[in-house]
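Going by the order they are written in, the chains are A, B, C, D, E and F; count residues from 1 in each one.
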Amino acid sequence: MNDDPSIPQDERFSPPKNFGWLDAEYSAYGRARVVVLPVPYDSTASGWVGSREGPAAIIDASGNMELYDVTMGFEPYMAGIHTLPELAVQTAGPAEMVDRIESVVREQIDAGKFVVTLGGEHTVAVGAARAHVKRYPSLSVLAFDANADMRDEYLDSAYNHACTLRRISEVAPVVQVGLRSAEREEHDYLVERGFRFYQPREYRALGPEALADQLSDNVYLTFDLDAFDSSVMSAVGTPEPGGLHWDEVSDLLETVARRHRIVGFDVTELAPSLGPRANAQLAAKLTYRIIGLALRE
Amino acid sequence: MNDDPSIPQDERFSPPKNFGWLDAEYSAYGRARVVVLPVPYDSTASGWVGSREGPAAIIDASGNMELYDVTMGFEPYMAGIHTLPELAVQTAGPAEMVDRIESVVREQIDAGKFVVTLGGEHTVAVGAARAHVKRYPSLSVLAFDANADMRDEYLDSAYNHACTLRRISEVAPVVQVGLRSAEREEHDYLVERGFRFYQPREYRALGPEALADQLSDNVYLTFDLDAFDSSVMSAVGTPEPGGLHWDEVSDLLETVARRHRIVGFDVTELAPSLGPRANAQLAAKLTYRIIGLALRE
Amino acid sequence: MNDDPSIPQDERFSPPKNFGWLDAEYSAYGRARVVVLPVPYDSTASGWVGSREGPAAIIDASGNMELYDVTMGFEPYMAGIHTLPELAVQTAGPAEMVDRIESVVREQIDAGKFVVTLGGEHTVAVGAARAHVKRYPSLSVLAFDANADMRDEYLDSAYNHACTLRRISEVAPVVQVGLRSAEREEHDYLVERGFRFYQPREYRALGPEALADQLSDNVYLTFDLDAFDSSVMSAVGTPEPGGLHWDEVSDLLETVARRHRIVGFDVTELAPSLGPRANAQLAAKLTYRIIGLALRE
Amino acid sequence: MNDDPSIPQDERFSPPKNFGWLDAEYSAYGRARVVVLPVPYDSTASGWVGSREGPAAIIDASGNMELYDVTMGFEPYMAGIHTLPELAVQTAGPAEMVDRIESVVREQIDAGKFVVTLGGEHTVAVGAARAHVKRYPSLSVLAFDANADMRDEYLDSAYNHACTLRRISEVAPVVQVGLRSAEREEHDYLVERGFRFYQPREYRALGPEALADQLSDNVYLTFDLDAFDSSVMSAVGTPEPGGLHWDEVSDLLETVARRHRIVGFDVTELAPSLGPRANAQLAAKLTYRIIGLALRE
Amino acid sequence: MNDDPSIPQDERFSPPKNFGWLDAEYSAYGRARVVVLPVPYDSTASGWVGSREGPAAIIDASGNMELYDVTMGFEPYMAGIHTLPELAVQTAGPAEMVDRIESVVREQIDAGKFVVTLGGEHTVAVGAARAHVKRYPSLSVLAFDANADMRDEYLDSAYNHACTLRRISEVAPVVQVGLRSAEREEHDYLVERGFRFYQPREYRALGPEALADQLSDNVYLTFDLDAFDSSVMSAVGTPEPGGLHWDEVSDLLETVARRHRIVGFDVTELAPSLGPRANAQLAAKLTYRIIGLALRE
Amino acid sequence: MNDDPSIPQDERFSPPKNFGWLDAEYSAYGRARVVVLPVPYDSTASGWVGSREGPAAIIDASGNMELYDVTMGFEPYMAGIHTLPELAVQTAGPAEMVDRIESVVREQIDAGKFVVTLGGEHTVAVGAARAHVKRYPSLSVLAFDANADMRDEYLDSAYNHACTLRRISEVAPVVQVGLRSAEREEHDYLVERGFRFYQPREYRALGPEALADQLSDNVYLTFDLDAFDSSVMSAVGTPEPGGLHWDEVSDLLETVARRHRIVGFDVTELAPSLGPRANAQLAAKLTYRIIGLALRE
């Protein structure tokens, strides 16, 4: 926050409230390998509200975690993580907002950064994924999501959050894990088109290696937090029981990171007022863990 | 809810949860003088979230109030109040949503109804006011609002909530009471154009009669609940101290109703999760009081 | 909500807020196979409060779920689900309230409906179960519950929520699963009388088939949501750790539905203010799943 | 809490959590002039829930207030205030609960105590007032209440909270202040029977002295906290705008205490989860202030 | 947040979350006349918890206010407001923490800044006031506070929040307004020593001019938010009814600013979880208003 | 609460609100084998706030549990459980507070009591453990904790909560289970010094018997509730996913109790406002279960 050397910034002060609460040494833009883009957007949400407060809650919670990852044995932040200012909301409509996200993410990729997009509603993933597809044309998308998100249009918009994976699947192959909620038309569409989507029990039968087999070398991860069981993550707009647990998500991420190159990712749909603060903490730790897994490669 | 005579609907059941929790006798569409239109929309909100839950909270709270108005000495519900289903959100963008509101309100006016629009963010008033202006070309608008709402565009949209009174002022003369927050450009615009707007202290010096003098015979009321002092109403996106109190609002409404014809109104910006339930109760009672005042004429 | 053809009910409006948020086509009383009876009653609650708000919370959350059940592959709502108005509370005392519930449920069974009772405290199950026993004399009751509920009287009433299964066991055989809390006298009573009751670990050892062996052809389900582990369901008056998880409940329900005829059921004790909204969502999905399982037969 | 001299109770420990958080010297039953009776009862509540948690919240908050009253210049607790255990709820029905309250209060009056009853719903006042009437046959009742509470029966019970002042008025003359909500039948009843009841504005016009003129020498106070304006007190089941403010309540209490003998009182309807903790603090301070005013005589 | 010109910072992004959410042009340290020092400290709080979250809540809310002050007619932020990182908490004890605050504030004063300290508990004012006294030896202190805060020691520390004004009064003369809670010993001390302290009603009788007469030319303001009536401000550890309202505080501040030089100030005791978000908004607006009044001179 | 025989204490009253809500017969100090010491202290907490409200929440929740333990088949309370008044906070600094805890616990051990310390932050364990070490010099400590707590100093104090296990390890050997968060220096310290610490997955591989092998005959248990998975326990300052579940904690406790003598224990870090009430219930049941396991020996 204070790059000016004239500003007091000794040990009497807390670090600035960026992602990880990192000192300038590890958060300055120039030397950071990673940029975190907060997108406080939830204008198309049709259910319960509040994911626009998700990025701020994740960043706030990120100061409450240790920066050493005991399971991986290293400190991912040392690669440098810069947190951009929050993206301003485009209220003209969701198509315009998706365009804005795509352009900003694209610029950061072009600047050589590894981009982490924090939602906001899942719609933000459309812009972020598109930007990555343009840079990595052969990538595949691994989607964590409880809902099919395969509607062609919803509430009069093709960029409603309920259309997210439909839009992404139009530009890259998608493998979905965690599904347990869909309308009949979406489900039929998934089956007819031969999409690969796995309910949690199906995923457990399949295992992480077989799932990873279906991904190309470059992988973009899009993570709607409702993929987690609602006991693990209640602070989402459509919490669902019967979902994934922390250790199985963690194992899958490790497998994918070991065998593929994660080129970018998003974590979306945290609506902090709908659950305990522990949910923001989990989202922060998940974000940091994926950064670590991706950079370790 | 159950117009079918085959359905049990005796005294062992509670009344349906429409506005006022009225039995079919007083809530059936055909005989109702009043229709209540709930609009759970807050997609352009830039501050704190949740006014999309406002209409449901007001209707829920309306069952917790007595239907006899002790200050007026009569029972407004006997004119019949029908509650429409919630308006579906148009997520393509705010311009489209405003159009939808205008068309629905227009149809109800044409059907001879007195229309009460419950927001949702203040933007919903643009559609509702326009529909009334088309039916009552010479009406003036009395706006209760803490904010100038006079931006020409905000966050890339001309239909952002921060532009509400600017849009309305383009179709009808507006008198505003309760103002205590504006950006410099808005304030300059108000002054240059000769708008009549009153801070609470200015209103107190002026008095209700002198304010009413500035209105034409037909009056449309638009009520952003942040006009109230934040001790009275905290469940709004931009709560402000130094605002209006219940009795002074009540007095002004009585004066206007006595001297003018209130042809329709809206009550907007209740974000129930931002304050105590008492705020929804107040909004319900305010809505019912204005219905009573308007129908008493 | 609007059966009157003169009322606007096109795609610009959201569906009415009945269970499932179903359009009139699927929610009209006449054609509905299922009726949902909301009973907002918690007058005998001795611990933490609020289950009287449970039915409204479940119905509200039910609009946030997809109506296609991906695990069963069909859409249960197509059989028609009508939501009755909330039952009015009888404040003279719990015995009178239980009688009212029994009479209303009995009338609906006689009208050929499949009745789903939504509590409110578990006491409401006494009236609902009695009504079903009179229609299906040989039924057995499958009770999900963390507590024995076997007191003969509590806080001066035989119809206190802590006496629920005692009262039901007087009219039909009860098999209980999920138990992990009882007072000594209740536990002794269960043992002495040879009741079949299973702690979660005992149930896991037994398995769903062996448990189902103990039920007669016709089964009434009574579901106190505290049977779930408190990580899964915290919004109940007596949350208990060490309880059942979603998948094991789901499996047991499927087994019972496959081998028996579920003739009716209740879901009780959701106290929404005691936990995250995700808990209401789970209760809604559980209710819908049981409807689907029962109707599939 | 620890009267046993063998128990450590030195300055390293906080005082016990009775009303006022008083050490044994000032809270022991034998020497206390005042007893506080907590009645955590809300079984007939028809609106929003939670007044059964009121007494515990008031007692908890009472430790957060200073024991010296700066406006009166003395320390009321020095007369001794003993807090009884919470009254157990009688769940057989409200009539039985009212009887229990009456018997306990009567015993305490007979033991020479000044009794303060903390609700719970306003119904608890019926038992408390009756006990005082039997001891002080000529007393009059000063009721603070937003609602008429004059129904003869409600939700099938004559002891519903909505009947409280009707029941009390059958045994003693009642003067009510703060009224702003009633159904037509109640209002007509009040007018026909010549009851003295004052809306806040009527009270302001009348003044405290003229109101006190209407009371007999011995006065029992019953205080439904919804008499306060809902900005002052939102944590009640039926919060109403347009109510009384702290200073005007305080002034009226001082006038009554100066000219009459307050023989007992109750403070009811605090539902702590419906508003900020500050509301419990206010209720505690109100209770303590009335104790001081009554004992100063 | 991003002073590096290589970082994207165009209109697609929201401004950084400093006080006022100001762009670098108005928030860079070098050109800022004002520095805001957040001190998230509440280790000695004895009542209700959470003022350590106050500074973050005020800064968050400050982005929700307009930067043009309609009552003063200018934009205070144009003088430049820099927000320092949060002061780190010294957990060795409150004496050490007060020293840290004093040293940091002193350094900022020496650097020519106007310092605004945001608590945290009121104790933080001791350090801030001391630093100002050393720079402005003849200053007097205007304290807004509901509590006397005149204990010599409390809970074994001389730097407990309950000792704040005692400590300050040892280095500068204090005039207190808003008092309505004290223990007898504190009250006696105030009277014996001839302190000037005013209950709200006493202040109303006195008026702002007469109060200002008692202050020296240079004034340090210390603002414990519980000086406000608890309807206006409930999010404090010791909310008290009978307090000051917004307009009377605003008037007093204007009078003092007109006649004296405000050399620095603090705003303390906001515990955001204890009240609605509107309370943080009010604290932000109060802070901004005082900045404006002080700089206008 | 009322040991005085003159006080009414019949069945019309609820029991006093001590741990277990026990009547005097089972809660009087003289005959109680167990004392519960509530320590509402969280002054060094650096993350999220509120563990000072933990002891009151646990004691409140303990009245909502059955006193018969269905898994053990006996009633632990019959040994007598006395709840001491809350320890007063020493605000001079954490070192002084730890000393106070140690002295009080020591006195109770010397009086022959089994001491249960309820935090408050984990720091309280330092005092409690020290007191037990002095009485049982050869004891080992079994620590449940998500964090290493091995910092030598943090935020300028050696008695910060982040130093808890470092301080305890200086007086007795520590075995830690549940770890999943540490800074690099702590982790290196643990490894270099040969500490035995187990992440949840490591513990699952190891099993309870092998873990118990590492403990000496006398065991002191210190339980930071964040050892639980954050789905099980969210109401802690540093909730972490990937943690322990109820049944595995329960199994480990049973193994340890069977093979060792538990001489005392603490349960700490419940911050009730950060999660659902169910978390307080779990903490109460955990406390009661450990009492039962320890006394059964």
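To be clear about the criterion, contacts are C-beta pairs under 8 Å (C-beta built on N, C-alpha and C of every residue); 3 or more make two chains touch, one makes a residue touch a chain.
In this text, all values refer to a predicted model and were calculated from it rather than measured experimentally.
Separation of chain A from chain F in touch steps, taking the shortest path, is 1. Under the touch definition stated at the top, chain B and chain E share these contacting partners: A, D.
Counting the residue numbers that touch the partner chain, chain E and chain F have more than half of them in common.
The angle of the rotation superposing chain A on chain E, based on CA atoms and rounded to the nearest 5, is 180 degrees. Centroids built from CA atoms put chain F at 39 Å from chain D. Averaging Cα coordinates per chain places chain B and chain D 37 Å apart.
Taken residue by residue, chain F touches two or more other chains at 88, 229, 231, 276, whereas all remaining positions touch fewer. Here the chains touching each other pair up as A-B, A-C, A-E, A-F, B-C, B-D, B-E, C-D, C-F, D-E, D-F, E-F. Chain D contributes residues 47-48, 147, 179-184, 187, 199, 201, 229-231, 234-242, 274-276 to its touches with chain B in the complex. Touching chain B in their complex are the following residues of chain E: 64-68, 70-71, 75, 229, 231-232, 246-247, 250, 276-279, 281-282, 285.
Residues 42-44, 46, 49-50, 52-53, 88-96, 154-157, 159-160, 273 of chain C touch chain D in their complex. By the touch criterion stated above, chain B contacts chain C in their complex at residues 1-4, 6-9, 11-18, 28-30, 40, 56, 60, 82-88, 100, 103-104, 107-108.
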